[in-house]
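What follows is a pair of complexes built around chain A, which joins chain B in one and chain C in the other.
Coming up: the complex of A and B.
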């Protein structure tokens, strides 16, 4: 029986590995970090939209399915440095702390995922300059009881709980300035979810969301948006956050209320940047090592977006999950299963 | 807290630019507050204001703009929600109460906002804040009319005319010769009665109405 190489131990990679192992294939799962779960584990995602169920309830069963399956060899702290050969026999060099080894695989699944967009380049938002401008991933860590603040939302500058919180949408998404003209597909719902979590925990706080469009296309997202407005009274303002300054030692944001045709200045205690998704470092590396096609933004390009969404430009190399473009966890799990079926089919021939 | 951005000097270089000093920023309004939203929400009919997502269906189908330029329910809602009290008062206080309650907006609203009631609540909110100043004759008549209906369940012409003139401080006018002769003619021809009839058990209904209108 041939072995399948799965690159990336995030949600998609884990799901693909466990599905393939259940079908009886041997799988080597290569992960560059020393933990499984990818960004979900890294940034301690707390709750998932739209049901506000714990991220752990979703990710731990997927991790367990991989760790408990004897057909899967998990290689943490490892990286693929070179791949030679072609389908159905690839030779991959795997490097880890012990050294380098070469193994033969029948097929390769690339599930290297995304990185959170780094908003430092959006200088007008002052990320990195003002301590109280934080990203949505940092808020996720804060809201998690196992996080650095034990589940409390605190201003990084003075450790106090903020009363007025503004959330900026589309940071590093739909933005040609930073080269990411695409939609991050999750920012809207994640911000809405975080706003609800904050309001639930601190009913006295005021949460304002500055958006261009609220793109609530997923299962239950629009309903969550309605709930945020009706039950939690989060104020959604149409108008993209323009800049952040300090006024009398308080954060002050500027934006235009486009519905009302008026530019405003709004003093708040904390600003959360809904940073989008960028092609992960691992994705860019994998594309280089494997020699597969990327799109304009660094994500991996499928052979055919409609007809063969999980095949890369090279036969025998398959792609899945958020390395193809922004994707939510729900769809990543679907992708993991889909790519497993595709790999199994290709190995039979 | 980080350094003040009005001037940011790094290695002797001023990075923010002096342009801020001669280009005044185009800020028309400062800060946003939910204070007024909380108030309107508590008024009768005002609770659904939070559901609005500013699509404009209400204003798009509104019967009024043909006659009352700038009547815009969506805008009233947003002004309250964001606490733009000054605009609400300066530009819209003469508009909000002109709603004719055709209910097109309420029936069409995709979010289930009871728009007509919300607009009414906003008008009430402004009324509570006494922004309308001295009441006009029309408003005085409306008030007396409503009070009378609630109190007696019917309109007593003599009483309503008397109350109207006294409320607008014109009792003298009522006693003018033509008013008196007109009243006398109507009385003799049976158009009006000096003492209007009573409705049986109206007190209970009146009590209930008052509770509801609280």
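Coming up: the complex of A and C.
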């Protein structure tokens, strides 16, 4: 039985590994960090949209399925430094603290995922300059009872609970100025979810969402959007957050209320940037090491977007999940299973 | 009952895209670089210093060109586009990398050419006259502390000594020892400048907005013509001599 190399221990990689192991294949799962679960674990995602169920309820079963399966060898703190050979016999060098070893694999699954967009680049938003301008990933960490603030939303500047909160949509997405003209596909629903969580925990707070379009195309997303407006009185303003300044220790934002056709200035206590998705560092490294094609934004390019979505530009190397482009957790799990089926099929031939 | 009476609030859209002004604007090489569709996100308006104070919206400018309605374009060329301060904030913030400022610049040139700018630019007559007859229009005298109270009491003191200060600062440069203009250009320099305007056709263009200014400049030139032409001739001869 041939062994499959899965690169990346996030949701997609975990799902692919456990599906392949269940089919009887041996799997080596290589993860560069010392934990499994990728961005979900790293940023302590608390609840998932649209059901507001705990992220742990989704991610722990996926991790457990990997850890409890004897067909899977999990290599944490490890990285692939070189790959030679071709399908169905690849030789991969795996480097970790114990040194470097070479192993043979029948197929490779790349599930290296995304990184949260770094909003420091959008200097007009003041991220990094103003303490109370935070990212949506940081808010996830705050809202998680196991996070740094034990589940409380606190202003980094003074530790107080903010009363007026503005959320900026499309930070690092749909933006040619930063080279990311694509949509992050999750920002709208994540912000709506976070706004509801904040209002639920602090009913006295005011939450404003500055958006261009609310793209609620996923299962139950539109309903969540409706709930946010009807049950939680979250205020959605159609205009992109344009600029943040600090006036007398108070954050002040500028935008245009495009429906009312007027520029506005708004003083708030905290600003959450709905930072989008960028190709992960691991994805860019993997593309280099494996010599597979990337698209204009650094994500991995499928052989054919419609007909072979999980095949890379090289035979025997498969791609899945958010390393192909922005994707939510629900679809990453589907991708993990889909790529497993494709790998199994290719190894049978 | 006519259609309008039945529904007085609803605006009837009749596209007149493709009119003369629209075509002239689209011919300009800057437009293609300055408009890549519009998300209507309002980033440009939020950043626009003109939009904060005047009836001007860079987003509207982009939308107007996309829609291309001839009547609206004409209206804009007569008034709204002249409120833009040409700071280019819109260009450097627009997520589509559009540049309303560039569109405005192209439209202004066309507005001048097509004789639509006279009313909007009437307020600049004084400036244009000073530039055309003196070569510069700002003067220390214009910056009176009364008009700028936020400059504080020190400015009042400094302002009363501006002539002494300039004399000290620009010792040896007689043209700078004036306070009613930024500097006093020599008659010969002004004449040369006016001649360039006349021969390049720039003066004629000015005439489409400020017709009477052309007469003023031409009178000004005529007065000096004899003396200046002699000077030019003298210079030419000197140049010829030096070549031999």
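Everything below uses one rule, namely that the second predicted complex is superposed on the first by the 349 of 349 C-alpha atoms of A that agree within 3 Å, B and C clash if a C-alpha of one lies under 4 Å from a C-alpha of the other, contacts with A are read in each partner's own complex, and residues count from 1 in each chain.
Note that in this section contacts are C-beta pairs under 8 Å (C-beta built on N, C-alpha and C of every residue); 3 or more make two chains touch, one makes a residue touch a chain.
Everything quoted here is computed from the prediction, not taken from an experiment.
Of the two partner chains placed by the overlay, only chain C lies in contact with A:176; chain B stays clear of it.
By the touch criterion defined above, A:54 reaches neither chain B nor chain C. By the document's definition of touching, neither partner reaches A:216: not chain B, not chain C. By the document's definition of touching, both partners, chain B and chain C, reach A:257.
Touch criterion not met for A:87: it reaches neither chain B nor chain C.
By the touch criterion defined above, A:341 lies against neither chain B nor chain C after alignment on the C-alpha atoms of chain A. With both structures placed on the common chain, the touch criterion links A:240 to chain C but leaves chain B unconnected. In the superposition on chain A, A:226 contacts chain B only, with no contact to chain C. When both complexes are overlaid on chain A, the residue A:23 reaches neither chain B nor chain C. Residues common to the contacts of chain A with chain B and with chain C across the two structures: 238, 254, 257, 263-264. The residues of chain B lying in touch with chain A in their complex are 1-6, 25-32, 34, 37, 50-54, 74-75, 78-79, 81-82, 84, 111. Residues of chain A touching chain B in their complex: 126, 129-132, 157-158, 206, 208, 225-226, 229-230, 233, 235-238, 245-246, 249, 254, 257, 259-260, 262-267. The touching residues of chain A, when paired with chain C in their complex, are 124, 170, 174-177, 212, 238-240, 242-243, 254-258, 261, 263-264. Interface residues of chain C, counted against chain A in their complex, comprise 36, 39-48, 51-52, 57, 59, 92-97.
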